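Heads up, the next two complexes both have chain A, just with different partners, chain B and then chain C.
After this line comes the complex of A and B, so read on.
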């Protein structure tokens, strides 16, 4: 009985906090974004204004393209690196750990200035230079997500089992390790992709136009339009990420995710 | 071909792959981070040590440790500490509740929503909070109608408190994402063991879960500290310079909106920020070592 009561009060506490911090601002901005001309009545006029602006669709397509590339590059760099570190690269781990935490120590602003000084011209002339820096900015989060996930599976046993059954390394990574750290990979993928979608600082300081930097320019003309942009950005990002999240949770990793989830559930 | 010779040839093949794998596995990582992370930082640091005439000097650093620049550093550190504290407590609570009570499908949705929120530290976020808690904001008006005037005191959304509120919006979900894998690493056996020794779930929480989760919590706190310390876009859109923060000053200097008699002052401020964050990272490394004890 006491247990049930504390569970209910825990849920109420979480609910109130979620409401105050997340739901209220989202709701208020949504209502605001549907205000009509001069703040009277409600209409879609702000959204119409948004879509009719020059550069709306090109900015969205650029952002998606860069974010997809960054997520792919990030995972193909970090999954093999992290698996190696956990299996036999223990002596390298402190160094990789230190490097992966650097993007948090180094302000994005100064990384951008450094990029302007240090990058060769051929890279500075293409928007794809941003992909590399989106990956750099994502490193601390992918590192931690993969590291924690790899730490909570019996990696050595899995690999020994797979290898003793005659599988090679590539197969072991793809068919044994990847499914068992699926929650970590999913988290890494989310973080990298979402980070790239919303990245503003380095993009604007390197003078490229993606959706976030485009919105700032467009917002200067119309505050209601700016709020409509904010709501649109959030809704689009949440829908997109939820679809990705649900689709990556289907398939072979499902059982392991559920099993992980069950830890601590028994009462 | 007999069974043993099949196994033998497979072993021979795998040994070769193993050697090449361990030899080259870390090369791409070091090459990538060396060029896109380390080299730009070295470039900024070198330039921060040069004066207008291109000669080596520390005059940039003498300037940033006095007056308004020093004040900006103090304000930035205060902001980062406050929002990291609020964000990590909220995020850890959400992570624990989600881990205990949410199913896989809801967990997937929570992950995606958190990922969006955690990375929403941009201009859109500032506009959303203006729509809610600004003078004309909807929440402000609703509260006023029921007799609570949040603008009666010194509060504005453009003040330090306002920035703290907005930052919590991305700090707590970031904590949720970073901390949840640590919570998920709690072994079922530990709960069973403590239950069979007669512990209530509160005792389990206090004597087992909290001690084990403290190091990852502290580590995550420092991640949030750094994020709050160097966040740029939200504060810039929200405060328009009303709250002096180091990243905003750097951005203004770099954009060329302010004419400074010292050309490389922004570089020195950036290196100054790196130093502040590095001090915090000592705590992170300590926490990391502690956490490793319980990893299997």
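After this line comes the complex of A and C, so read on.
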């Protein structure tokens, strides 16, 4: 078969599918969400309705607050653990690997109900108990992200080089370890934050109101409003993630454009 | 160029052992380096070379034994207070820092003031001839350039001792030769005491003052390259260093050994040999010479391989029942020989090292 032709037809197939199941519905929803009163003309009326709903701003602020806390807690737990595993605790790695995959295997319901009972009293009656669950469900993803990044640099040698050049541990962590696994930390941060933003099941089971649970209730009152919610959420997510991506990428030394290729230079 | 202000150090290891569970990576290693000396540690894989180096660097602790630098015991000094310049086998430059920042790293840690640091960095860049690359990142450099930066980074801190763990093993043969000569030039220039680990004997011979041959965690012999080659202390050293034909031998009384029908004095360094066991004599390719067909000592063989190597030519000759025998001849002498031709040769060694197998 003609190779080039099959490549083109594959390209068209993917394009059509993408258009049919992703771009078209999204576009339709966006247009629809700007419909005016009673479906006539175009206006911002649905978005206005959304913003004026009771609990809109509190729900957003709760969600952001919890997601930020969860991401920070997750990383402050996982970065030192993973670095330690890669430097000194190779034999513990399978164990931690297994533990970190558990949240994917244990049904969310049993996790939520079971673990809540075991939670310390001070946490049990505040929304901050959710942070704990968000950290747990994020573990499998932060584990992979950090593991991949740590495996791609000769961390042990870099640390030994730093130490033998006279550096103490703190300086080694700040100036050598962190910058070398920056991409992994960014990815882990990203995943943990995004997961917490969108978490619905546990939050709903434990009867807390965050943006995802709030939208479900709000959406039942107004069809066009519900579509506006979807479009808003989608756009907000894209903007937020892009911002995180941009801010963590800046100033990373790896981004140097390889304009000069000095390989193969006569030595 | 005298970048090294400090006087060179003495390095002493006394009875150093390192056990990993039941594995004795080092087993009572004694080694002394005089100031400004470059010693190569040579030995087969797993004999403990890297372990020895890491103990000096403080990256590994000795199970027994002591480490002294300039007579001061260093066993309990932490890695970051030892002032050792270490160059690793694998690339170890900090990927997020430029060449200059890498060299600066150890200087910044020492809180040296900025002007002095700049001066030092430039000095080091000149030393390894990488001035134009100061703002490049490691991934923009060739392997050889990276190892030169690693060397500059290690030397920038004016270390007590320079430690090199097979720094050239990841490089191409040609670059390897060039950089090892550069290392030697710099080492002599600075007069820095250097311990150099390698399993390439040619490399060890070419650039060090003394070569220490290790075997199973112990130093088997340490001597100048010439003495290691010409006067090996044990059969292990003789067979490990340089090329040697391993020929079946018979030990006859009166301290002689019979090889290829020739009777040659047995080297007293051979150690205790058991006459009942089979024995192998070690014969260097250059200790064999062509001879007359009529010579009563002559062995006849057929040339199977001939390889021209500039001033000398290496022959591989076959005799029924023996492995291929290597002979080094001057190229002038070898010119008249062709593959397939019959030759006569004899062993010219004064004495032979023999070992049981």
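The rule is simple: the second predicted complex is superposed on the first by the 224 of 267 C-alpha atoms of A that agree within 3 Å, B and C clash if a C-alpha of one lies under 4 Å from a C-alpha of the other, contacts with A are read in each partner's own complex, and residues count from 1 in each chain.
Simple rule for what comes next: contacts are C-beta pairs under 8 Å (C-beta built on N, C-alpha and C of every residue); 3 or more make two chains touch, one makes a residue touch a chain.
These figures come from a predicted structure and were not determined experimentally.
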Problem - More chain A residues in contact - chain B or chain C - result: B
Exercise for the section: Once the structures are superposed on A, label A:163 by its partner contacts, choosing first (chain B), second (chain C), both or neither. Expected result: both
Practice task
Report for A:34: first if it touches chain B alone, second if chain C alone, otherwise both or neither.
Solution key: neither
Practice task
Report for A:89: first if it touches chain B alone, second if chain C alone, otherwise both or neither.
Solution key: first
Handout entry: Contacts of A:56 with chain B and chain C, given as first, second, both or neither
Key = neither
Exercise for the section: With the two complexes superposed on chain A, say which partner A:154 touches: chain B (first), chain C (second), both, or neither. Expected result: both
Practice task
Applying the touch criterion given at the start, work out whether A:176 contacts chain B, chain C, both or neither, answering first, second, both or neither.
Solution key: second
Handout entry: First, second, both or neither for A:21, with chain B first and chain C second
Key = first
Handout entry: First, second, both or neither for A:242, with chain B first and chain C second
Key = first
Problem - First, second, both or neither for A:141, with chain B first and chain C second - result: first
Exercise for the section: Find the residues of chain A that appear in the contact set with chain B and again in the contact set with chain C. Expected result: 154, 163, 166, 168, 254, 258, 260-265, 267
Handout entry: In the complex with chain A, residue positions of chain C that touch it
Key = 57-59, 79-86, 88, 90-92, 94-97, 105-106, 109-110, 133, 136-137, 139-142, 144-145, 150, 153-154, 157, 175, 178
Completion exercise
Seen from chain A, its contact residues with chain C in the complex are 153-154, 157-158, 160-168, 171, 175-176, 179-180, 182, 252-254, 256, 258, 260-265, 267
Problem - Residue numbers on chain A that touch chain B, as the complex places them - result: 3, 6, 10-11, 13-14, 17-18, 21-22, 24-29, 31-33, 77-78, 80-81, 84-85, 88-89, 92, 96-97, 99-115, 117-119, 132-133, 135-136, 139-141, 144-145, 148-149, 151-152, 154, 163, 166, 168-169, 183-184, 186-187, 190-191, 193-195, 197-201, 204-205, 212, 215-216, 219, 223, 226-227, 229-231, 233-234, 237-238, 241-242, 244-246, 248-249, 254, 257-258, 260-267
Problem - Residues on chain B engaged by chain A in the complex (per definition of touch) - result: 7, 10, 13-14, 17-18, 21-22, 25-26, 28-29, 32-33, 36-44, 47, 90, 93-94, 97, 99-101, 103-105, 107-109, 111-113, 115-125, 127-133, 137-139, 168-169, 172, 177-178, 180-182, 184-188, 191-192, 195, 201-202, 216, 223, 226-227, 229-230, 232-233, 237, 247, 250-251, 254-255, 266-267, 270-271, 273-274, 277-278, 281, 284, 288, 295-296
